[in-house]
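Chain naming follows the written order as A, B, C and D, and within any one chain the residues start at number 1.
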Amino acid sequence: MRFAFTDDQLALRDAVRDLLAKECPPSEVAEAWTNATGRTTRAWEALRAMGVLDALVPEADGGLGLTVLDLVLVCEEAGRVALPEPLVEHAVVAAPVVGAGRESLTALVGAMSFVAYADTADAVLVQDDDRLLLVPAPALVLEPEPSVDHARRVFTLDWSASDAAVEVGASVACAEAIDRATLGRAAYLLGLAQHLLDATVEYASTRHQFGAPIGSFQAIKHKLADVRIALEFARPLVYRAASSIVVGDPAASVHVSMGAAQSIDAALCAARHALQCHGAIGYSYEHDLHHWMKRVWTLARAGGDASWHRERVARAILDRT
Amino acid sequence: MDLTWGPAEEAFRAEARDWLAANVPAEPLPSGDTREGFARHLEWERRLFDARWAVVSWPQRYGGRDASLWEWCIFEEEYYRAGAPQRVTQNGIFLLGPTLFAFGTPAQQDRFLPKMASGEETWCQGWSEPDAGSDLAGIRSTAVRDDAASGWRLSGQKTWTTRGAFCTHLFGLFRSDPSAERHRGLTYFLVPLDTPGVTVRGFGRLDGDEGFAEVFLDEAFVSDDMILGELHEGWRVAMATTGSERGLTLRSPGRFTATADRLVELWRNLGEDASDPGLRHQVVQAVIDAEAYRLQTLATVTALTDGASPGAESSLTKVFWSELDVRLHEIALALLGTAAELEDNGWAKGHQFALSGPIYAGTNEIQRNVIAERVLGLPRR
Amino acid sequence: MRFAFTDDQLALRDAVRDLLAKECPPSEVAEAWTNATGRTTRAWEALRAMGVLDALVPEADGGLGLTVLDLVLVCEEAGRVALPEPLVEHAVVAAPVVGAGRESLTALVGAMSFVAYADTADAVLVQDDDRLLLVPAPALVLEPEPSVDHARRVFTLDWSASDAAVEVGASVACAEAIDRATLGRAAYLLGLAQHLLDATVEYASTRHQFGAPIGSFQAIKHKLADVRIALEFARPLVYRAASSIVVGDPAASVHVSMGAAQSIDAALCAARHALQCHGAIGYSYEHDLHHWMKRVWTLARAGGDASWHRERVARAILDRT
Amino acid sequence: MDLTWGPAEEAFRAEARDWLAANVPAEPLPSGDTREGFARHLEWERRLFDARWAVVSWPQRYGGRDASLWEWCIFEEEYYRAGAPQRVTQNGIFLLGPTLFAFGTPAQQDRFLPKMASGEETWCQGWSEPDAGSDLAGIRSTAVRDDAASGWRLSGQKTWTTRGAFCTHLFGLFRSDPSAERHRGLTYFLVPLDTPGVTVRGFGRLDGDEGFAEVFLDEAFVSDDMILGELHEGWRVAMATTGSERGLTLRSPGRFTATADRLVELWRNLGEDASDPGLRHQVVQAVIDAEAYRLQTLATVTALTDGASPGAESSLTKVFWSELDVRLHEIALALLGTAAELEDNGWAKGHQFALSGPIYAGTNEIQRNVIAERVLGLPRR
């Protein structure tokens, strides 16, 4: 029994954190809100250069041969900076199925209705009943949809007119892809929530009203304590889910949904309290707080909201005889 | 206790409903928090005014109908039920208006109220400053006496001024006695935004619309007759206004009962497929809460009609409607599922607006302090 | 339109308040916790002398000819002192059906499983499908059940072996009796909640910790503000329900359930925060706080919990076509 | 990361499970918070001790097994899963025990630990006083030096002392330096309750059981060797104990996972008939939370095994498990419907006990302050 990450895993996390601090500062996220793609110009290539994008592909096939247990902390780091890139879709979901060397992949699996960053993808991994298909970009008919998060461009997808889709996985691979997508998103939400907490602690420590920093008022303290508690008891569920996927635990899907439900709730709680503690300043479009909040709001529903995941757990633990 | 409406009130309701049915734009107007949308809304406000629906509770000479509080409630109910446009003039009509009636000179009333009612002059609120948000008494903007010109020079910065970039006038507090502290020595000024020395910069709210503005004042001159109420007594005058903001006039129950009705419709369309079996009762509870707010308002209006004056109890109301509004929209988003993330789903913008409710007009943390100290009598720190 | 009580109604409330302050002080409630009946010795007779017990019976039949709109505030006052008597069951539910002059009636209608104070009743009004039966005491087979509230002795009831039960009302009367029972309980819960709030405000204003009254701390303030808000938006629904019963509004049952759901939630909120703000002192059996809390816990479920009433509202407002 | 147990740990689990299956009383014992039940529980504790399950993590010479923290977790999990009796010795074993190991002299350890483990001597906690509840530093009970007798005279009143009416000994803080204030000048004393000058009066907790006591001390004499740790340093010693109380040792995850399992069983029996369709997901969420607490404990034990020391993070744990415990029981009561009001429904007493969780060991309001200030670094007032 050992419930901790290895030094290598922590080192990878730290390296990605450093990379993202440099390549994806808040100004890059703000830029993505208005540019043509909703994406950054630098971070994606830097992650590729580090090998992160194909990290789950076996070494023999050109990847790093890592597991989701190595990438779960990377996804969390991406959330911390609100990285506007299909990191989960490409590195966690699609590349292990499709193989290394792709420019930019995205995915539409599980309870998703929209596919993010599809207009800049070279192919989309889609779920068709319990099969996985790979649809190359030329075969895609995309309908843009207006996400509240402008750095997460989403689309509905139609590939029925084309015969270019090829099957790349059957039911087991499909179920695993859904679990990886959910896990990656859960980790990303943890990172978003952590940033929202950190930014709000910082703001509440410096903003003065009534002659004192607002963070010295119990109403603010207790809200932020609740966010910290929510994170404390969400992370272990997400990390355990990663482990369960890696060891092939038969309950992996249930563990993934437990982690998803908890991290979604933690992130929504963090967003709610972050806005309230920031007050009108956080309500301003010019302040970057809303980039994190809106990413929380979108990822909290993409691929199933917390109740969708609770229902998946319910079917496993309540309904069995 | 009689919870029925009399024939005169029913007739008033029928007249309002008929007019609204015939006149409310079939297509929703563009957001009143954009420059184009604001102009379109002003056209609508003008139609309201021409039909004497803009300010029903005001005297006839200012364009009103001398309507009772009951009739005002009825009109609001019908207005929201009809899905009529947002009132972009509300900060003038609902916040400054009552203050002008209470504290304005006859000359000020005649000068400002008719154009406010018609929308010819539009008013924004100049309370908040960068360092005076929840703590309104931290205001630093100054008013310096200019004896030669018989007036005052206003300097400083106001911010989070709703629709400030589109309005013609601002009302707000300025520190007229530099030696006084906190809520003393403030004066309530009325400021045309085209006054030399005034610069307005619009900026976006959470939903991206340019609904906020910063207003910079650099020795902007206003004459003595632009003071509302007594010199240095602005806090007392303003508190009357914030009472209106929190209480009865800003958020009439019709707004929430109409939203609850929409939520019920949404549940009928999507409820069976929702992932959360608890949503059924959450929808019901939201309906119950909207109904509770409506009934509580009826009780308040009865008391006001009997001669009571609104007090710290308005803080109860503000916390309740603002948090109800958030719940109504959060339940809707939960029903929408993955479509919740789309800006055009009919609820996302409302959700973002609802999130401002617990912040503006005094954060709900401040309101709960007021309830604890002034309604319950718990000790201050 | 006029949403306020009449001066007569307020005067009756004040008279009952004075009576109960005198006849049902906390010591009487404490006494009832351990005596043979779970009831007081003085308050019931004083209420009878005032005419309250038969208040809903027409004057021609020996009552006061009042309505539930007159009694709703009386029930609230009973809750304020945690009156351990079948006031709702006798005066609000049974007497209008059975007639004036009974010693002590109780009732088992609606979603109730247990009947309170049945061992000291001269008869019980029971629901049998959609009929109302009156079962005289000798025909009752009572099985005592251990309520957490020792001043609310409850029983399961069996009258099947006797033919002494007589029908005293058909479906309309039965539905009305259920509504009156629910309304009376809702009003009683408002009174319990009001006392819990008042007692906690008082305690928090005098109890010092960390050099200040604990009521000066924001965490305490905001909890009690929430109780005050809950009460503010529960009362109007309960009062409206009373009015709807009196005027025969077709939606009266829905209005009653709206008031019940809201007052149950308000009372549970009041009990929760009262205990937490009192701390260990309120957790002591010797302190009388628990007499009010346990009455809340029992009445919050007797005759349907908040969800049971929400479901009744749901069927009316969501499911109609 | 390796979330599997090794063969040695599995063997330990099997041994514990087998012993518990063979020895846990078939019928629940009467409440350990009554005099009769306490005695019956002590018989059970003696059986545990004789089989060396009373203090698994302690050294063998004191009756333990030198078990690792992992094995302790396993034992606790099996203990609750087996539905074994409440540990009425827990305030000694789980709170004073670790403090004795950390601060006691070898003589004190040899004197007190074996009899604590066997239940021959039972310990209650003397922290709270009438005016020192949440604010422990407000302690007024005094220790006055008696040079002649080489000891101290203790006077004052302790209260809300769990099972104080049945225990043989008390540990607590007394003000030994009358000139010092707040948390300075306090000393940690060990006090036999049969000391002349000590009077104990039991009183009821919320559920009516005599689980509380007041302890009155009137110049009760204790010798110097009954001081734990340094003179006047009692606060530091006690804080180590309250760390245990809030953190790992008092509320092991097995308690909540076992309760969650019972809740799932209850849902399977009653869930379909429940009036609240949302209960299904509430049950699931409670299971998820119990699992989260179990996993968080495994992470904490890993860190402790790696040499980390527990800090203010234990406040996170205390808030979480205490509020989870309330939720678990509230959901059960909601499932029970009208039967929720009965004392013998299998959940009512647990509900009342759970309500003490957010109060004792430092109220959750205090814990949230600690989290805000010491974990997040927010400014103090």
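The working rule: a residue touches a chain if its C-beta (ideal position, glycine included) is under 8 Å from a C-beta of that chain, and two chains touch if they have at least 3 such contacts.
None of the values given here were measured: they were computed from a predicted structure.
S.K.: Between B-C and A-B, name the chain pair that shares the greater number of C-beta pairs in contact.
M.R.: Of the two interfaces, B-C and A-B, more C-beta pairs touch across B-C.
S.K.: What's the farthest chain from subunit D if centres are computed as the mean of the Cα atoms?
M.R.: If we average the C-alpha coordinates per chain, B ends up farthest from subunit D.
S.K.: State, to the nearest whole Å, the distance from the C-alpha centre of subunit A to the C-alpha centre of subunit C.
M.R.: 51
S.K.: Any idea how many Å lie between the Cα centroids of subunit A and subunit B?
M.R.: So the centre of subunit A lies 38 Å away from the centre of subunit B.
S.K.: Which positions in subunit A are in touch with at least two other chains?
M.R.: 217-220, 222, 307, 310-311
S.K.: Would you mind listing the residues of subunit B that make contact with two or more other chains?
M.R.: Subunit B, residues with two or more chain partners: 276, 278-281, 365, 368.
S.K.: Could you pull out which subunit A residues touch subunit B in their complex?
M.R.: Within the complex, subunit A contacts subunit B at residues 111-114, 145-149, 154, 208-210, 214, 217, 219-220, 275-276, 279-281, 283-286, 290, 297-298, 301-305, 307-308, 310-311.
S.K.: Would you tell me which residues of subunit A are touching subunit D in their complex?
M.R.: That would be residues 1-6, 69, 197, 201, 204-205, 212-213, 215-218, 220-222, 224-226, 228-229, 232-234, 236-237, 239-240, 243-244, 247, 258, 261-262, 307, 310-311, 313-314, 317-318 of subunit A.
S.K.: Please name which positions on subunit B make contact with subunit A in the complex.
M.R.: Against subunit A, the touching part of subunit B is residues 128, 131, 133-135, 138, 159-160, 203-208, 212, 274-276, 278-279, 333-334, 337-344, 348, 352, 355-356, 358-360, 363-365, 368.
S.K.: For the complex, give me every residue of subunit B touching subunit D.
M.R.: Listed in rising order, the residues of subunit B that touch subunit D are 276-282.
S.K.: Would you tell me which residues of subunit D are touching subunit A in their complex?
M.R.: 1-6, 9, 70, 264, 267-268, 271, 280-281, 283-285, 287-289, 291-293, 295-296, 298-299, 301-303, 306, 313, 316, 319-320, 365, 367-369, 371-373, 375-381
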